[in-house]
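Chain lettering (A, B, C and D) follows the sequence in which the chains are written, and residue indices restart at 1 in each chain.
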Amino acid sequence: MEYSIGSIAPIFLAPVLAFVINAFFGRKLPRNGDWVAVLGVFISFIFSARIFGDFVFGNFATDYYIHKTFTWFDLSFADQIWKVDLGIYIDNMAAIMLLMVSGVATLIHLFSTWYMDHDHRHGRFFTFLPLFTSGMLGLVLSDNLLALFMFWEVMGFCSYSLIGIYYEKEEAGNASIKAFMTTRVGDVFLLLGLVAVWMVIGSVTYTDIYAAIANGSFEGKTVLGISLATFAGFCMFLGAMGKSAQFPLHVWLPDAMMGPTPGSALIHAATMVAAGVYLSLRMYPLMVIGDLTTFIAVIGAITAFGAATIALVQTDIKAVLAFSTISQLGYMMIGVGVGSYNAAFMHLITHAVFKACLFLSAGSVIHSIHEQQMPKMGGLRKKLPYTFIAMLCCSLAIAGVPFFSGFVSKDRILGDALYWGFMAGQNPMLAIVPILGFAGAFLTAFYMFRMMFLTFFGKPRDQHIYDHAHDEHLSLTSNVPLLILTVFTLGFWYAGSLTGQGFVKVMGAKTEWFKILVEAPDVKKFADSKSKITPLVEPTTVTEKLPVAVYDHQTGYAGPNPDDHKIHTAHVVGAAASVVIAFSGIFLAFLMYVKGSVKSPRSKFPGFVRTLQNRYYFDHVYVDIIIKKGLLGLNRFLAWVDMGLYDRYAVDGWAKVNRVMFKIAKWFDNVIIDAVGVDGTGVAVNLFNLVLRIVQSGKIQFYFIMLIVVLGSYIWTLNF
Amino acid sequence: MIQQLLGFLSYYIPEVMLVVLMTSLLVAEASVKDEHGNRDKIYAYALGFLGLTLIPLFQNSGKAPVHVFFNAVTIDQFSTLVKIIMVIGTMGSILLSRTSKDIYTNLKSEFVILAVGVLIGGMLLASANNMLTMYLGIEILSILSYVMATLKRDESTSAEAGLKYILYGGLTAGIALFGMSHIYGALGSIQFVDVVDKVGSLQGIQLYIVMASFVLFFAGLGYKISAFPFHMWSPDVYQGAPIPVTTFFSIVPKLAGIAALIRVSMVFFTNNTILMNSWVGLILVVAAMTMTVGNVTAIGQNSVKRMLAFSSIGHVGLMILGVAVLNEAGIRAIIFYGIVYMFMTFCAFYITSYLNDQYGTDNYDVFRGLIYKNPLMALIMVGTLLSLAGIPPFSGFVAKFNIFNIVIEKKYYGIAIVAAINSVISLYYYVRLAKVIIFGKADSNEEVVGFTRFNQTVILALFVPVVLLGIFWDKVFTLAGSAAIFIK
Amino acid sequence: MNGILNWILWMPIIGMVAVLLVPKAKENVIRFVTLASTTITLILSIVLYMNFDNSTADMQFVVKIPWIESFHINYYLGLDGITMLMTFLNALLFFICTLSSWTVEKNLKAYFALLLMLQSTVFGVFFSLDFFLFYVYWEVMLIPMFFLIGIWGGENREYAAVKFFLYTFFGSIFMLVGIVALYYATGKGPDSFSILAHQGGKFVNETVSIFGNEISFEKLFFWFMFLGFAIKVPVFPFHTWLPHAHVQAPTAVSVILAGVLLKMGTYGFLRIAFPIFPAAAVEYSTLIAVLGLISVIYGAFCAMAQDDVKKLIAYSSVSHMGFVMLGISAMTTQGVSGAVLQMFNHGTSTAMMFLLIGIIYERSHHRWIVKPDGSLGYGGLSTKLPKFTTVFIIGMFASMGLPGLSGFISEALIFLGIYQRFTTITVIAVVGLLLGAAYLLWMFKRMFFGPVNPECEEYEDMNAREIFYMIPLCICVIVFGIFPSPLLNVMKASVGQLVDLLAKF
Amino acid sequence: MVSLSSYLIISMILFVTGITVMIGRKSLVAILLGVELVMNAAALNFVAYSRYMTDNLDGHVFSLFIIVIAAAEAAVGLAIVIRFFQIKETIHVDEATQLRN
């Protein structure tokens, strides 16, 4: 199927246009132009849906992709050819991403029109929201790392603006800077990795990188003594860690809830945090040849478990969700690390859906009662029935209860991790990854239902708030988006079977479509593709349709081997364990927060609880010690060195040297001649006094002496 | 014989005219009845006469070079050009003395007489072609200068200045004479025409004697141009003397001295490699020391006159470099530098003089906020200072550029760097004054009295060359390039 | 078209004369005369751009008139791609500065006259193909700057003006020695003062003797030139005049200083130091890169500690010009293109920052982010001044190198370029990007976020004039951030030629 | 027989004495005398060289001029010293230190 650029570009351009319109004319439009934003994003959804349809239902081929490029700028001169091409690259993964991003974003925009209705930053919010969406869509569409980086940064800027939208609040300002700077730490490394790959391989287009990997171009190349693949992969993964809030760059994400809740929904679900995982998936072959998968898995496991523990003690409903996001992103990274490519991507999609829904639900709750603290809620299910349903389904999904999407995706990751950690013959220490994964899963189920129970069950803890809560009515903008998202928390959409493990197939031939269509890039297939190093005619269309290939893991990946019966065992064991863990977590939460029969063990570990409440002191270390004491101290010191020391003494010192020289000359006149000479103690004059027995000398005579001495020395020098 | 002498005299008309002028001025002054009246007529007469002397000078500049008075004096392009500059310099100083309150009214014509006398000595020095005429030139120049320095005779500073000048001058003249006598002994002639040949064949001990004696001889000239280490008198004298005298001193004797120095250097050192190498080494050291000492000492000065005095030592250091290269390009650079330096000095001293008249002091403070009192004068002063510092588009830059040129052509990079650093140092104190003029806040908005329309016109007219020679200097430079030294 | 450079060069002088002829009291006439002059110059530079031939690296629109025949000095003007960008930048910034100086009160006539003189001299530096002419313009430029800083500057203006003057002069006097040495090294021929005639590594094998040591001619005079240009850029450790000059200078002068004058230094490297002494340049490129790197990091660190917003931006200029030096020292197509592009982009983005600081200064009459007594100087400006904030965000993020705005492409190109030669330096230099974001955002937060400072309650948002002159810069920053080709196409031939030359050594 | 070296030695002694006087003595008149001594040393040299080393009379002429000049210089010098004395009422050389940096 041929795609003209006109059928793809609107996906990206429509929200951009919405941004431009709102930025310039937003204030003059009715409702500050929020409908423009919704419309823009909806248009991109329509076009995305078409592409999705074509890819998933039309072709149903693993290797089908669209690749269009154009020259952005060209530095070629004479025989030096160097130009920068940008382009569009859509494969199955991108098609799915596009649909998810634009779809979720549309619903979030729709919801925001209700949520932000009377907010004083309404116009500003609807300026940045479509830009944010377009950033993510552009990132997904782009065919190379440079464009990815650019959209990546645009999203950073948008998150900065959205988080800091209530900038008159001190915390909002801090949070926005924190978000931008923390992700920027990763970003500069991503840029570094990008530059390294570009300058060694000659291109940063995905297909070219894959081709380079297949052709062995990475072999033997080193950067600072490290192999190029490891260096570049590590740098890029650092970028991904920043954006996807992986330990230890996770600190910005909880603070990001300072923005309006729909904004958080967009950041946490569909766009920004997904970008890091998306990058890791795109660069998966590079991570493999760079031997970084183990590292990624360990980081993911630490993040997944650590964030889950922090979530246990949070009382702010959005904070719980924020930490759950970090935790779930950790699972995705585990998936990348253990080679569960498909499941990691699926978890990205399913998580986006249910997390968006969770945030919107939380937004609905907050909008209704104007309160974020869970201890002040309770019993809200009667007041907010639709929200309750949506949130319950999402919680079930995230907890990994069968039939819901989280079960399908997360349990595949956990299954693969189980195999990877225990059965693949790795270092036994790495068993920590699945162990932390399962422990985190238990905690996830527990804290999600802690949240559910505290919010919707029991009796209202603060009757005043409860009484003033708005009742919920079904409306297109307020809760229909939630319900639409809720529908997609069901597992069969993704798995094609009810359980997700292939037992009950409901979609016929397309069953397991996700599993079949999304696979790790097979670099060998790109080995012959044209390299960007040679000039291309523009605009180039490289729409290639490769033969349909059955899903077949190539050797060379660290991923599990499907032929191995062990993996099947692992999946079955993992699924069973997950179900048990999920239910036990929910049950424990039920006991503690509804029945009250189990006492919270908080009082027994006050120190640990305090550590958790302080989020393992990461913020403290980063902000108070590293930044305030270290960085600012260093800055002040250097600034003092610069102006107080260097400029004052070394630079202005030249003037001083001159003045000192002048003073010496003056001193010569005054002290030597007047004081020393006249008093008869000066060296030169005194000598004459001794020899000539003439008592005193004077100023003119000192001139004479100088003259004679210098003349004598001239003659002496010249003649001897 | 008479005919021959008359023939020689035909080359010597300017000097003769000046002698006539000087004597007639003496008579005219004696006829003045009102001792404290103005002497505009005398001034008009003197200036007009000096202007007239330019005519034979310009005529001479077209003629072929020749030695006159039996090789005692040479009339060549170089000396003629130097004389022209000196005459213009004298005219400028005389013009300044007319209004300057630094010179007592009853002594004004005395200043004119003495200035013309010094000019005669300077002219003799510039075209001296044997050691005797050179010595006579130095002494005529010096003795009259001593008197000029003491012209403000009721003030102890002026008397002290004269005293220092004469004692120092006496010593250096004596030393120079002593040197000359040994040179004469070693070479057997005082005629430069003969010296040129004999220097080439010097051997052994004679070489040493000549070199050592020349260093002594150099003391006499070095003192006139105030080169290190013979410079010590000059700041004191410059400060003590009245401003018109200072102006005069920093132009005419200096230029005459440089002219003599370059002639002597060309005579003694072009024919003998050993001597030349020693001399170039020495003169480079002297130049470096001169400019460094001058510039460094100028930094801390609070009296503008004294600052300009020290800065003139710095400029002399640069001009000496033109001697060090011992070639035509050096002469050209010196001539150009002389012309430019004369105009710059005039501008600076004129303005200083008027302010000094107004406030009775020449401290930096009297320049404070000049831009608000008299913007035109302030701008000219700043332009002059920048020109002195060697900033384009002013002519001081071109002069400095030419010096760099000749030095680098000879590949004396070391001295070029020293000169470069000295430029920065000099900029430092010039800018310090410029800063006071422009950025300072004036204490009062009173008009500065000295700046009558006439005086402003004069200053402006003197400033025009400072700018124009910085942009369109090709013609003047070509003219300076025609100034060849005629030795044989 | 051949005389157009003359027109551009002398148009400001014509304007200056016109300004001087207007009576002092008629301030509006003076303003409009200046505006007319700068507008015509801007239009002429756009005409120049349209007639510019991208395909050649040769000098275009050449004007050559004998000036000082004794030395074969010519009035020799020409334009290539790099110059073209600088010309446009210069014309644009002066046009904007005229508008931004509308409210200057003190001695308006002299101010505008000096501003126009400055513009002409800057054009002169960029157009000159004759060394002597170049040097003359290079130095003359100091005079109006000296006055502009010294008269219209802040409290400590005298010190800053003198420091600027002396420091720059110190560098350029060494350059003069180098220029004269080049004249004699090429045998005083008819082309001996032509910049172009010296290019191409003609002095590789020559030596000079200094105090008895034989030193390579190239290496020695490369450093002479280096000193002159590095002080102008300014490269660490020659940077300390910059904060003083910027802090004290009036707004428009800061804009010009950061926007154009600093580029003269890097332009000097590209036009003179590198093409004439390629072997030395290649040999010492590591050192230059290290100095550039130190400028980047050190400038950023110092910027972060500043409480005076103008000083902060001044140090950020040090940091950004460090990137330019890095790009130049890379000596690759990407690096040098990036550097030239960064010269342009830094010109626009820093100009925006300084103009904006000037705008807020007119309202607050101070520039403290944090006052010396510890309280915030501003706060909550976002709430009070939405238009101002919007423009500030654009300028700030452009300066930070946010993709989509102009700074990014140039910085990315510089990194691509430098990586090929100095990997370690690249790895360290990315920290500069991080720090760059940190100090700008932190400043932004302290000034614009938080509750409205009671002192800021009365401030008015940008007026129509202020918006009007910010628009061209905003357009430059955004449009060239998305479509850099108009800039890159113009310069690529010139850059390519330079890189080709350097590659041979 | 009086040889050239005798003259030279005498002139050297004169020269050194003159210099020494100028440096050592405090009286201005004495210093002026020192100047005369130095000049006479030179004049003596000229005459001696003219007699022994050369075949021309340049040296003799020169020394005549030296005598004349020395007289003129002494006259001017004494006049200035007198002026100085009138103002300062001393001829001690150390009183002349008013002008300095």
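Here, a contact is a pair of C-beta atoms (placed from the backbone, for glycine too) under 8 Å apart; a residue touches a chain by one contact, two chains touch by 3 or more.
All values derive from a computational prediction rather than experimental measurement.
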Other chains in touch with both subunit C and subunit D: A, B
Relative to subunit B, chain with the most remote C-alpha centre: A
Which of B-C and B-D has more C-beta pairs touching across its chains: B-D
Innermost chain by mean C-alpha position: C
Averaged-CA centre spacing for the pair subunit C and subunit B, given as whole angstrom: 43
Interchain centroid distance [CA atoms averaged], subunit B/subunit D, Å: 26
Centre-of-Cα separation between subunit C and subunit A, whole angstrom: 35
Chain centre separation in whole Å, for subunit B relative to subunit A (CA means): 76
Shared interface positions of subunit D, touching two or more other chains: 19, 22, 31, 96, 100-101
Residues of subunit A touching at least two other chains: 665-666, 700, 704
Which chain pairs touch, all of them: A-B, A-C, A-D, B-C, B-D
Sites on subunit C touched by subunit A in the complex: 57, 163, 167, 237, 240-241, 243-244, 298, 301-302, 304-306, 333-334, 337, 380, 382-383, 397, 402-404, 408-409, 412, 415-416, 419-420, 423-424, 426-427, 430-431, 433-434, 437-438, 441-442, 445, 448-452, 484-485, 488-489, 492-493, 495-497, 499-500
Subunit C residues touching subunit B - in the complex, by the definition given at the top: 67-71, 132, 135-136, 139-140, 142-143, 146-147, 150-151, 157-158, 161-162, 165-166, 169-170, 173-174, 176-177, 180-181, 183-184, 208-211, 220
Subunit B to subunit D touching residues, read off their complex: 130-132, 135-136, 139, 142-143, 146-147, 150, 153-157, 159-164, 166-167, 170-171, 173-175, 177-178, 180-182, 184-185, 188-191, 235-237, 239-240, 297, 300-301, 306
Contact footprint of subunit C on subunit A as seen in their complex: 72-78, 80, 82, 146, 149-154, 156-157, 160, 164, 167-170, 172-174, 176-177, 180-181, 184-185, 188-189, 191-192, 195-196, 198-199, 223-224, 631-632, 634-636, 638-640, 642-643, 646-647, 650-652
Interface residues, subunit D side, partner subunit B - complex: 11, 15, 18-19, 22, 28, 31-32, 34-35, 38-39, 41-43, 45-46, 48-50, 53-56, 58-59, 61-62, 65-66, 69, 72-73, 76-77, 79-81, 83-84, 87-88, 96, 98-101
